[in-house]
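Okay, got some structures for you below.
Consider the two complexes below, in which chain A is the common component and chain B and chain C are the respective partners.
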Partner chain A sequence: MQYGFHFNGQRCTGCKTCMLACKDFHDLGYDVAFRQVYEYGGGTWEKDAEGALSQDCFTYYVSVACNHCAKPVCVKVCPTGAMHKDDRGIVTVDGQRCIGCGYCALSCPYRAPKVDREAGHSAKCDLCADRLDAGKSPICVEACPLRALDFGEVGDLRARYGTVADLAPLPSASVTSPHVVITLPRCLEDEPSRAGTGEIQNRREIV
Partner chain B sequence: MTNHEKTSVSRRTFVKGSALAGLGAAAMGTASLFGCAPAAESTGELADTGEAVADTIVWTHCAVNCGSCCALQCHVQDGEIKYVESDNTGSAELGEPQLRACLRGRSIRRWLQSPDRLNKPLKRVGKRGEGKFEEISWEEALDTIASEMKRIRETYGDEAMTSHYSSGVCQGQVQANPVKRLLNLTGGFLNYYGSYSSAHISAAGTYTYGGGTYGSSFLTIQPGQLVVLFGDSPADTRMGGGGHTHDFAYIRETTDCRVITIDPRMTDTTCGQGGEWIPIRPGTDGALCAALAYEIINNGWADEEFLHTYCVGYDEETLPESAKGKNASYKDYILGTGPDATPKTPAWAAAITLIPEQRIIDLAREMHESDPVYIGQGYGPQRRANGEITARAIMVLPQLLGQIGKPGMNDGRREGCASVGLGMLPTGENPVTTNIPTFEWPNAILHGEELTALNAGVQGADKMSSSIKFIWNYAGNCLTNQHSDINLTHDILADESLVEFIVTSEVFMTDSAKYSDIIIPDLTSQEQISISSDGYSDNMIAVIFGAPVYEPKFERRGIYEVCADLAERLGVGDEFTEGKTREDWLREIYDEARTANAEKGMDMPTWDEGYAMGVWKMKPEPIVKLADFVEDPVANALPTPSGKIEIYSETLAGFEATWELAEDEVVTALPIYDPGFLGYEACTEEYPLQITGFHYKAHTHSSYANNEVIQTAAQHVAWVNPVDAEARGIKDGDTIRVFNDCGEIRIEAKVTPRVIPGNVSIPQGMWHDADMAGDRVDHGGCINTLTKYRPTPLAKANPQHSNIGQIAKA
Partner chain C sequence: MDGFSTAFSEITLVLFTTLAPSGAVAYLLMNLPVLFGRVDGTLRQRLDRLSCLPLAITMVGLIASATHLGNPSNALYVFTGVGRSPLSTEVFCAVIFLALAGMYWLYSFALAPRRGLQRVLLVAIDGAAVVFVIATAFAYSVDTIPVWNLSLAPVSLLLNALVGGPLLALSGFAGVGYRPWTRPLVALSGAALVANVAVYGCLGTQLAVMANEMVHATDLVAGFPAYVGVFALLAGVGIVIAWRSRGCEGRSPVVRLAVATACALAGIFLMRFTFYMAHFTVGLGV
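Moving on to the complex of A and B:
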């Protein structure tokens, strides 16, 4: 049993409803987010002899939370065993055992775990485990106005959506073997040579 | 750091929330407890004490002015919302209607339960606009309002009274109507026409098609066809699952249509979803349209049969008698045989629009080759000094190509909207017939008696008989923040000898509220019983049945009850209520719509059934605009003077001859390219940049702009092209000054290739924050500190995107 997410880059418009629904449901403050939305893009402008302008710009958004990886770095570096995978494959933290050292937060290339200093332990996306218990979807999946997020047993997701898990600016899937399936944005599908040629356009919004 | 202080407040609940979540929820109950009050479900959730905590689900809806309206299911415990779900009824597949709230609706908990809410009536104690108030009793507030209404009406007459244009409560069937009903019952009030959103395209629609701003549904788009959108981005403006962004995403995915957006910004509609962005210099869409028309006509692609059958003024043959023999046709204008003797070639347009000549030539060919082709526009191109004529110019393209009236075609207006036809709380008859363009109100304060039909678009009378002396501002931030030239408007409003009394009903201390003499604390739509249709969308018709999420808190009161109390004081209590409560009116409105729709075969639930459901929805037939007219143009003639589509408008020719217009104000029979005032040609060495605004995900106009959980996730930044940034030593993230003759704002720069060079683009709606007694530098970054107050030539509307200015590192 292993749950994962599907992200559809051909539907996402970067509206951030997933992120804010998560913040609302988990009551997260201004500087904590269990789900991030990256704006990624590039391109340059040119002026022709007559003064008219041409450009080859592209932009897409990537919504990403914890990918409940097969090789979770956060679990590997945790000195107390607080960070662990449960029987549904959800990477989750045992608040009783966590000492709040922050190694998980520092090591995760997806920025998934955070340290709640006041509570004294780490906190992260748990796939809204309580909602799953009640037969519901994670709040982010249910929130997306364009149904760009899905979740489920990762084998089912891969059968339905394919096996792509690499999309800039996310780290290479080879690092942690994330349980995420990605439908590439149209602007990459149309021009694959754009892959990796841009940069994050909203660094200050990423927490 | 403000943000950190705020974080520590919310952090306490964060920890508590996590403890609750970790223990898991019991199975969600399904039994409806709805009687005559909330649509609610009780669930049992285990707290860390092991005791069950009652969790009540209350349906309600968002009510701000994005145009759409989405459903909210609030999970309430002990009179407090814990979290929000949205519409999760029915299928979750793309294409199936779910009125899923966007990030703003999803964050409504922190907005509703903000410690900054207004809780008690306030009376101004400092100078007007200074922002100094003291708490007073409701008794004193209502007595003062009633006596001022009476005094001012008796002194200056009924036309001196007005209910100010506003849109903070823009969904639901009550809105500002109780205020208007009260004003009507006590003698009437100066009314307004047109909005700050769409007054220009509305005028364009009137003089071209006989009225209306909406065309065909996106859902009529056919497989593989071309879609060309001018300044229209559903992903930015209609963001909820109940809005056009959903419909458009669905149709793009299922038809694989090719989408081209023409815009100064690369909008969120042309990102991961694909499509092509053609950047255009702001305000020059009309020049592009003229050049596309040149290519279409010159290549013999114009559908002359369509033009001769359905349109007036394409060529000499179809001109009205009054215009014949003067080379006054559209074709003459385009080919250069008209009075200006200038062929509107792609090379001519390239220099104006900055779009390469070849791209214009190719675009014309693509539009010709796609059958059907969907050509539409949003409200961006029209919200300018030359907005009316630009909107008309875009509408001509599908006319030339004969691409109107069949599936996949659009008449050049905005995407279509379905409607369930719910009525509003009736305002009654207004004994005052005088009606002014919305944007003329500052002139109507300064010198109302001088405003006429010919100089200010006054309707219903030849002229105004008095200036505005009393303003009721219901849930509106258009006194300053969402109006133009805040520094000028401050001076007008601060002069207490001009408007003698301003009352504002609000939920927060907005910048506009600061100019009030009395502020009364309103209940939000979510805190009252409220039914609402789903607003602008084309794949659904819906009604949301909203109940109060919790009992009224502090001394906040609903506007209907407040106006009923005032009516009592003014001697029209019985006439105002007709013995009905807010709920009684809503039931009546709903039952009327239900009966009317039943006659059309639409099966709506009863009131009680609706409240048990929370949301009722159905999929309507997509709209093919003007299909009837194209089918039979005689039997289904348009409500224009000629009964046809008017490329040449005799009415406008009449205005041109009679209206009092400045030299740079163009009202003309043909939809020519006119740069308008404060376009790119007005740029100077001092002010070399164009400054435009845009609708941004972090707020709807100024609503929710004070909800910091959204503002930190989607930050308020000015979009600056790297070319313009580098020339000024500005780096991404720098705080910059943006300034012109109107004022100065401070804002962070987002250095991005997603905006055309020469244009700085700023999200509209952030709250003005300046020391108005000091330097007046706006640290809130409200674009209307920089926008000009000057009504446009035809609609007398807001030229909000026509600005020039400069930027510099702060």
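Moving on to the complex of A and C:
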């Protein structure tokens, strides 16, 4: 069994309800987020000889949490084995083993693990394991007002939504083999040449 | 999202990677006269006992690194990751080196220590010291952290150890009034410094083109050439002071060599600081 997320780039409006629901549910401080929403945009405005303006700008949003990767670098570098994959494929932290060295947080290309200095160990998205036990979805999936997030066994998600896992600004899926399935934003479907040509617009919001 | 914040939050690791490799190299150099039977009697005994100097410096680094842990009481679990996690391997190598060196130091207080046994121990300790320095150099080689994964990054730490280690060893020798190999050890430190500056020059050109979706490496370590310049200056001053201490008598060389070592270690500290400043991952991590 391996759980994963589906992110629908055609539905997400960047409202950050997923992020705030997660912070609220897990009682996270202002400077910690297990899920983040990136605003990614690019393109240019041009003025022709007669002064008419034209543009090819685009923007889309990407909601990202831990992708419970097949090759999780956080698990690989963890010196104590506290960061591990459980039998549901959830990459999770054993607080009784973690020394809080932060190597997982330093190495994850998705910024997923954080170090909870107060608790003395790492903390991260565990797919709301308690809710899963109760037969519910992760809180971010349930909270999304646009139903841009889905969750389930990754094989089912891939059968339903396809196998795309690459979308800027995320790192190449070849790095850690994330268990995420992405429906590309409309602007990339219309013009695939835009892929990777933009940049993150909301850097200061990211924690 | 600036490099200073990252480096300050890992300041104890900066200290560890500054002190421990140089301490290990100094320990190795300081026990060579004993290993090869160049010293005897009281001098040998004093040299054995003062080997606690580089050992203490290495341990200060190791203890400092432990202070950044959120929950040190779980530290024994670190040994479950040896071979898998480079950090576990590094800590394991450090513990082996320090345990063997500590045993040797305690044994040096025996009324009639067996020389054969001491030599066997020294060979084992020297091997452990070399493995420990190499393990420290590669402890941060992770393929998702581009700057730390550059092939020259571990080389820079190994050269750091060869810059600081010989000067620290000379301080130890001077502490027992023994002045062997001043020229070759200062020359070793100087050659390592030249190579180290060249390596940092290459790393600087590699940094200039590295970025992820959040930052450019040059924004994280703005003014990298200036840091390299200050490093070269500090370590260079240390080497000159060590060189000029050759003809000195009495307690003067101890003080001069201590100052020389402090200068070199300050320069190394600066460059280790830039190492942590340059942290970012592929993708989104800063």
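In this text, the second predicted complex is superposed on the first by the 207 of 207 C-alpha atoms of A that agree within 3 Å, B and C clash if a C-alpha of one lies under 4 Å from a C-alpha of the other, contacts with A are read in each partner's own complex, and residues count from 1 in each chain.
What we mean here is this: a contact is a pair of C-beta atoms (placed from the backbone, for glycine too) under 8 Å apart; a residue touches a chain by one contact, two chains touch by 3 or more.
Note that the structure is predicted; figures quoted are calculated from it, not measured.
By the touch criterion defined above, A:E205 reaches chain B but does not reach chain C. In the superposition on chain A, A:A33 makes contact with chain B only, not with chain C.
Legend: residue contacts after superposition of the two complexes on their common chain; A:D116 is shown touching both chain B and chain C.
Shared-chain residue A:Q2: touches no atom of chain B or chain C.
By the document's definition of touching, of the two partners only chain C reaches A:A82; chain B does not.
In the superposition on chain A, A:C101 makes contact with chain C only, while chain B stays out of contact range.
Contact with chain C, but none with chain B, is seen for A:V73 once the two complexes are overlaid on the shared chain.
Counting residues of chain A touched by each partner, chain B versus chain C, the larger count belongs to B.
Touch criterion met: A:G43 reaches chain B, while chain C stays clear of it. In the superposition on chain A, the residues of chain A contacted by chain B and by chain C overlap at 116, 119, 203.
Chain contact summary for the complex, chain A toward chain B: residues 9-17, 19-21, 23-33, 37, 41-45, 48, 50-55, 57-61, 95, 116, 118-119, 123, 126, 128-131, 133-134, 136, 139, 142-147, 185-187, 189-190, 201-205, 207.
Contacts from chain B toward chain A in the complex involve residues 3-4, 6-8, 10-18, 21-28, 83-86, 88, 92-94, 100-104, 106-107, 109-110, 235, 239-241, 243, 245-246, 249, 253, 266, 268-269, 271-275, 277, 279, 347, 350-351, 353-357, 359, 697, 708-710, 712-715, 721-723, 733, 748, 750, 752-754, 756-757. Remark: chain A residues 38, 64, 73, 76-82, 96-103, 106-111, 115-117, 119-121, 168-172, 175-176, 199-200, 203, 206 touch chain C in the complex. On the side of chain C, the complex with chain A involves touching residues 1, 10, 68-72, 74-75, 77-78, 80-81, 84-88, 91, 142-145, 212-214, 279, 281-286.
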